[in-house]
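Presented sequentially are two complexes of chain A, the first with chain B as partner and the second with chain C.
Moving on, here comes the complex of A and B:
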């Protein structure tokens, strides 16, 4: 599973390598930069322009989502608009409800499990960490089907609908929280907590006063990832839904894209996209602030001070 | 170190969660696949006891998927071909982008990075919705092509065209390919490149003999990360095609799962899919373990 940790951007793990001076020379190559730059710009246009066009169509004056019939805000404010059509508005509310619960449940659960997996010395960690990361290597459809059977055939105390959707999403998000947290945890030497314990802190105190602040960037990053994944999730949310009242926005899009839905559909998708971008953007700013503050107080978190602890203890014996 | 009891307590809730909702869930999937159908309610009945497992469903789904002779072989074959082409497309599009952002970009790095993370914040469904609008018979793609005189009459792109399905898969998943590759490119010791250049290699030689081999693990990781969901993907297909002529394995499983009587078949097909993916991933897992060992992690 180490390559999954490596698969994460180094920024998330808080250990980005310093820029090398040689790159200036490589960057001076004009044609490589020029051709490559054009390619990257083309990629970005290809990847984002369709979404912007879909955004534009939410301001269409007619009922079409493919032919431009003039500008109007009827799908944003009119009687059939996102906010007045219960189908879209309820789906938006439901998506946010699920995302909120998913973050609140999966982050503490995943962070505590990650600390256990990272700090426990014993045979239990290997199977436990394998099990916890399994949802990452199984297609989501398989996990959704498995959870659906589990909930309907065995664990009747979880009902399909909102509870089932929360359970499914948290199960799906948990490995991501664990991977992000463990990546960070690996760079925090256990000596700091040992020092706190040696100085008389209780285990709870050492965890709360030493480890949690050091893990803060990872906790924030997990919350951002959990929120974005929950909002985007379709397969599990669909399989665990019970009735039209538990439809999320991706489900509404899936069910009505090929039909004759009005541009209010585009508008509802846009409401989700814009709020997600704003929330994750704010989260990222806080993340950066936390990361920066911490790196000032604590510039060399990766240097292992552990040897002093055991040596002192042995000396005392 | 923390007292063991305290650490165990910390991990308890999460461990119970994954035991219940990962291990038990996968067991439930198998129990349904080897279970039966209630004759009156016509709903699947799981068989929890391994001694009573019946392998009829697994066998019949396995026969249907059997290479060359099975009735669903064409679906399976199609899935593999689509995904193989989509993976090649992801590498061809994703590698230059990841390479640029990780190694070449300097002033533009922040903005390009933000723009290529943007697709993760815009939901997958919205991105498909956008293309459905563009590709509609009266959509902008058709009118642009007709404007340029490339086509006489509008083409219905959304009626079961393999090209459109493969392109939609690439469009949908390429950001997920780029991110791990970018991470691995941003991580490797770039002094190797300097050494290579100091020893007289040109840009191209450096790329072929140093950068590419060093990023192989990142390419594999990206391919695995996008191939796995593609094997379970039914929604992309449903949105941009919706006909059985482009159905993939995910479509098959999802269709089975929609009717209660066929849910045992859905479970059986899912079990086969997991077995197949396990075999497919074995070389990757081996090579990544070897690479991890070599790095000394």
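Moving on, here comes the complex of A and C:
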């Protein structure tokens, strides 16, 4: 009788088994426990601490960016501060100008290219898709060199400076937009466009009224990516710049770290970081809202049952 | 109802090196419920897509109400489609989905409201206008897809397996509704399905397609009762296909030799000689006591009795080795023959149809898909006369 009671699962006896000790839980999931946790915390400290320290030094009372001399807000509000020093403030404005233009140009262009590459059925579809994404793997420096040559020697209607920087950044960002958009496009059956055509929409109408709304999450995501990449870009922006008036924040930071820059530099870097995080964060919130609102369940392409006759025949033999 | 007449002339379409549609001709008069049935890959959907304008024919013409559609893009054809997976726009609610086509025509706001309201009533979705497609059941989505196309009052409505994604009970209900709706609106329906039963239930006429060709176009009754080819007989309904030796016509019937037994067949091609295939539907096969005698009877042994509720499916093996399926209506009496009983299988002369000479019917044997797929192979005792070695060719048509 005792054997029988012990053989039954505890649930049936009405009593839960005692909770396992923490050592047992750890043995069951070693990576879910302290090891992984420690690793994550260590990584976060390693990657964020320098940023926080740089942020802190923008409040230094002295002129040094490495020796703490007391707390002050002079590099944020004073006469030599980030907002009063034209070098830093112009660079911030220029960075945002470039990022804005890059988003406005590369997203519509990239989405159209992605739709064309994704929906076009022709002999050159595959090579064209490959070529369109090639800039992703070409080193940025090589791309910058090539573009610089192109703009200075061949395309004289594009001057170095802001136009050259926009052309360069857009060239660099387009493949990212294409990749992000095509990922989403692949999950949208072409039947939606056919349905739109069937109901009387022109091809342009089908694109505008059906495909663009369905691609909205990808369009938002690629806009965020384009903005972040543009703000962050150094190599191409540097190559295509003309004078100090077309310096972006990364360029100013790079050029002045070796010199005797004031903590206003740290402040300008922080302005960029915080604004970028806020803008990308807002973009992400909109992206999530769009995604949740739709909760699209795409239909399956084919619902005809698979042929079972041959399989049955084989089973019989 | 004016318009809605479809004329298809030697339509051909290939994909790479596969011929999907191989020179078909169809004439669909105005207001007809016309079905195209056939197994997967027979070209039925490609035909429909060419009528809609999504595929361009390699050769042939599609004429809609006297106008050649060759250079008309899909958005300018007075034809609308109900897609297999509905393709209701997921970012629009039910109302906006149905209004989509009307707005493309620049219909006034008040008129859109009136027409959408009317069609919502017609398909019984009045209270769901604000819903998003993801909040609808499969049957409701199907109705939205139908309403979205019907609201434009097309000359022809194309339906591509519209009930394919629904469960069996809902299918049956919607089949009846769809047929009633078609009669109410009077629009020409071109309905593509691989489900032969669905086609038989709803259609005015059926085209049976196989390998890109049309095998037969006729009313449901005619394709079932008078199939033109062995493929049609096998695809529509359960068929017993019996190989026999035709001995020529006699008194308006065809004399057939099956093993040691003689049968007479009153239908089909009666003046043939040589190996032929003939058809008898399971519901026409009668099972009688072994002692009974008479014309068109072959002794048989009951191999399997399957109770289906409304009827009893009996598989008997004829003395010549051929299995035959018989459907016996459930009339309340107990089925008198147990497994292993010997009986007389009565294949009435007016139920036997000669489908044609076996040489003309060359091709792979139809798939075997019956309640009993484990029938032992035919004993090889009649190899001397291969035309009398019938293989178990019983298909129910849904084996695609």
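Before moving on, here are some points about what is shown:
Definition applied: the second predicted complex is superposed on the first by the 264 of 317 C-alpha atoms of A that agree within 3 Å, B and C clash if a C-alpha of one lies under 4 Å from a C-alpha of the other, contacts with A are read in each partner's own complex, and residues count from 1 in each chain.
Methods note: a contact is a pair of C-beta atoms (placed from the backbone, for glycine too) under 8 Å apart; a residue touches a chain by one contact, two chains touch by 3 or more.
In this text the structure is predicted, and so the values were computed from the model without any measurement.
When the two structures are aligned on the shared chain, A:194 is found in touch with chain B and with chain C.
By the touch criterion stated above, A:234 is placed in contact with chain B alone, chain C being left untouched.
Of the two partner chains placed around the shared chain by superposition, neither chain B nor chain C is touched by A:34. In the superposition on chain A, A:214 contacts chain C only, with no contact to chain B.
Of the two partner chains, chain C is the only one that A:205 touches; chain B does not reach it.
Counting residues of chain A touched by each partner, chain B versus chain C, the larger count belongs to B. Touched by chain B in one complex and by chain C in the other are residues 194, 197, 203 of chain A. Chain contact summary for the complex, chain A toward chain B: residues 2-4, 6-10, 16-17, 20, 22-23, 25-27, 29, 32-33, 36-37, 39-40, 43-44, 46-48, 50-51, 53-54, 57, 64-67, 109-110, 112-113, 115-117, 119-122, 128, 131-132, 134-135, 137-143, 145-150, 153-155, 167-168, 170-171, 174, 190, 193-194, 197, 203-204, 206-207, 228, 231-232, 234-235, 239, 249-250, 253-254, 257-258, 265-266, 269-270, 272-273, 276-277, 280. Residues of chain B touching chain A in their complex: 1-4, 6-8, 10-11, 13-15, 17-26, 28-29, 31-32, 44, 46, 93, 96-97, 99-101, 103-106, 108, 112, 115-116, 118-134, 136-140, 158, 171, 174-175, 179-180, 182-184, 186-187, 189-191, 193-194, 197, 203, 217-218, 221-222, 225, 228-229, 231-235, 238-239, 242, 250, 253-254, 257, 263, 266-267, 270, 273-274, 277, 281, 288, 291-292, 297. Across the interface of their complex, chain A is touched by residues 39-40, 52-54, 73-76, 79-81, 83-91, 100-101, 104-105, 132, 134, 148-149, 152, 161, 164-165, 194, 367-369, 373-374, 399-400 of chain C. Chain A meets chain C in the complex at residues 189, 191-192, 194-203, 205, 209-210, 213-214, 216, 294-305, 307-310, 312-313, 316.
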